[in-house]
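Each of the two complexes below includes subunit A, the first together with subunit B, the second together with subunit C.
Take a look at the complex of A and B:
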């Protein structure tokens, strides 16, 4: 068999095996990769940072288990940032299957902070510092309804408390009291937030999305409809970097740990594409 | 190495490996894991919808608290099930018509505003758009590229005239922009898929086997 024929007929299992090795080795033997935050992520970070004491931010954790690897690090990074800077935060999910992941992210970060807290004031207290609104179907109902009254839409929170009796909700009534909504999703939900909540109520929308959605979402960032944008695991790593660099928040940085594997995997795939093309052109020339 | 003793982590890991085994070839482990996933996901959704929507939002308020107005949405919803009774299956058109009417009314103005008007505004060559790139004088260059890209790509999808002359040139430029867009989308897709693999390996090597921290 000639070289170009071999190049054209490499068994896919060999490619999978190489890719597995390339991804696994940097995870087992990690080394530091410097992540440089890009402008879209910096803008989101600044927007969350600029939330004033009289306002809250909403974190929409609408990501499902299949995209957890990309989006969960974003949720954790945003929560760390918000809690470290003592921003009031409302968390919600627009779909039922995402509730569990949202709960997991909140619990993890709250536990991180509370395990280091010395006093009651330092601790993160449910109802005072954060509220988990849960899930209210269909998505358009909370998107539009929270513009009028949050506690009318979410009469009870995820844990069954009357929302309007929670301390934090005394001042947080509707979108006028929200500085920014950060939508974390692998679908077109962020565009729905723009279409309904931003168009009608002027709500600022920041986005964390999967890399697959990235190319579709950049036009909305360019027009200013998205205040900031985190794309894929790289975006999450950039946000993690900003949170640690600016506020010294320590904690496991899952996305940053993956950057070396991601880089090597990309190099391997580029190599495969080059080899495939060489094989193709050699084959065509022979014909 | 610090292997997990949590049975749920073991179940999750074994199912993950069963699904990944498809990369080698189709096998009974993969099929078993696939069926378990479908069953669990459907069971989860049905019970969640029952306990989180139907009971608290409809049945309890209607039948226990006497909120009689809920009979209207309840009846409309029930009409969906008439599809299974051939003699009165035409009644299913009522909820479908209501649903379509509602969503058309809600979607059209919002979509036009968010996805057409704002996007067209973002394409027009104005000083505000130049500055939105945060790239100084280069902002003009980027805006002009976007402007040309949009016009040329639109001309490529203009099929009422043969692509000759001016339209021939612009449509050829347009296809270059389309290809660049596909390339960007493909690159991002590769990144996404590799990220998911990394996430799974972090779970298997970390949470399960304890090889990585």
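Take a look at the complex of A and C:
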């Protein structure tokens, strides 16, 4: 076999093996890689930061287990940020299969904060500091209905409490009391939030999405319809960096730990493409 | 009659949906809220029951007729029944009528979800990375000017989004943002306009009864 043929026909098992190595090794020996936050993530961070005491923010955890690795760190970073700065949070999911992931994220961050809390005031109390609204189908119902009344749409929360009896909900009635909604999703749900909730009620929408869907969302970010944008694992790592740098929140930074894996995987793919093209050039010159 | 009633219903429902965005008058908005907040939720509940019934019917039928891969239908039915039992008795988070645990393993929906659904779904999706790497190696060849442009842009974005992008040049991440914000948005916006026009046209065809494939019954 000639050299160019070798370069153009590397066995896929070799590609798989090398990729497996470069992805898993940095995860087995994790280390946090510092990233420089870019403006789309900084804008989202600032918007969450600017939530005033009389308003709440909504975190829409509509991401499926398939994209958990990319999007869950975003949910955790936003929750850490909001809880650290004592923002009121409403958490919801638009689809039932995502409820379990939202529960995981809330439980993890509440546990982190409450294990370090010294007093009742320091602790995160359900109904006072955060509410988990759960799931209400079909998605268009909460998207439009919460503009009129949140407790009419979510009559009971995820745990079966009457929503309007919760302390926090006395002041939070509809979108007028919401500073921003952060939609975490790998699908076109954030665009639906813009189409329904923002167009009709003027709700500010921030987004966390997978790297694959990031390119689709830039037109909405450019026009300002999305206040800010976290794209992929890198976006999550940038938000983690901002939360730690600005508020000193300590906790495992899963996205930042995965940056080495991501770097080596990208470099490995680039290397394979270059090798394939060298073979392609040699082959073309011979012809 | 079998066609006229559904077509009339879709016409009325479609029209009401459009009108709510055009007439902001409070008297109509009250009516619109009732459709969305009450009627739509009741319909969704019916849809869940229908979907479950349909799922069971399809798989029982597959097993009965021994169609291709009928064995997997047993797996689905067992998983379906198993999670229903766990959900009914163990509850969502050990809050059911009969919470059961074996050691630290709690039989509830959240435990099943975290220990079965999440690892399986994540693993399936993780396989994509391997296929993408192999496919990029085989397909990404500099055959033309357009392919070269695509390749160069891809390399810049792939390197620029990494933490090392800033070390190579402090301008590189900014340049990547420019690629995403300008050339990417220009292309995306054209596609979005095209899709939006297509959606409007298809919706009108369905509302007016020109497009009837959704009625079923055809080949």
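By definition in this document, the second predicted complex is superposed on the first by the 283 of 287 C-alpha atoms of A that agree within 3 Å, B and C clash if a C-alpha of one lies under 4 Å from a C-alpha of the other, contacts with A are read in each partner's own complex, and residues count from 1 in each chain.
Operating definition for what follows: a residue touches a chain if its C-beta (ideal position, glycine included) is under 8 Å from a C-beta of that chain, and two chains touch if they have at least 3 such contacts.
The model shown is predicted, which means the values in this text are computed figures rather than measured ones.
Undergrad: On the A-aligned overlay, A:258 touches which partner chain: subunit B = first, subunit C = second, or both, or neither?
TA: After superposing on A, A:258 lies in contact with subunit B but is clear of subunit C.
Undergrad: Tell me which partner A:59 touches in the superposition: subunit B (first), subunit C (second), both or neither.
TA: It touches nothing on subunit B or subunit C.
Undergrad: For A:24, decide between first (touching subunit B), second (touching subunit C), both and neither.
TA: In the superposed model, A:24 contacts subunit B only, not subunit C.
Undergrad: Touching A:224 in the superposition: subunit B (first), subunit C (second), both, neither?
TA: first
Undergrad: According to the stated criteria, A:68 is in contact with first (subunit B), second (subunit C), both, or neither; which is it?
TA: A:68: touches subunit B and subunit C.
Undergrad: Considering only the touch criterion stated at the top, classify A:135 as touching first (subunit B), second (subunit C), both, or neither.
TA: first
Undergrad: Tell me which partner A:195 touches in the superposition: subunit B (first), subunit C (second), both or neither.
TA: After superposing on A, A:195 lies in contact with subunit B but is clear of subunit C.
Undergrad: A:103 in the overlay: touching subunit B, subunit C, both, or neither? Say first, second, both or neither.
TA: The second partner, subunit C, only.
Undergrad: Under the contact rule defined above, give the subunit A residues that sit at the interface with subunit B and also at the interface with subunit C.
TA: The answer is residues 16, 19-20, 23, 39, 66-69, 97, 137, 140, 211, 214-216, 219, 222, 232, 234, 262, 265-266, 269 of subunit A.
Undergrad: Going by the contact rule at the top, pick out the subunit C residues touching subunit A in the complex.
TA: 21, 33, 36-37, 40-41, 44, 48, 93, 109-110, 113-114, 117-118, 120-122, 124-126, 129-130, 132-134, 136-138, 140-143, 151, 155, 158-159, 161-164, 166, 173, 177, 180-181, 184-185, 188-189, 192
Undergrad: Any idea which subunit A residues touch subunit B in the complex?
TA: Residues of subunit A touching subunit B: 13, 16, 19-20, 23-24, 27-28, 30, 39, 66-70, 96-97, 135, 137, 140, 191, 194-196, 198-199, 210-212, 214-216, 219, 222-225, 231-234, 252, 254, 257-258, 261-262, 265-266, 269.
Undergrad: Per the contact definition, I'd like the list of subunit A residues that touch subunit C in the complex.
TA: Touch list, subunit A to subunit C: 10, 12, 15-16, 19-20, 23, 33-36, 38-40, 64-69, 97, 100-101, 103-104, 136-138, 140-141, 144-145, 148, 152-153, 200, 211, 214-216, 218-219, 221-222, 232, 234, 237, 259, 262-263, 265-266, 268-270, 272-273, 275-277, 280-281.
Undergrad: Can you name the residues of subunit B that touch subunit A in the complex?
TA: 23-24, 41, 44-45, 48-49, 52-53, 106, 110-111, 113-115, 118-119, 121-122, 132-134, 146, 181, 184-185, 188-192, 194-202, 205, 211-213
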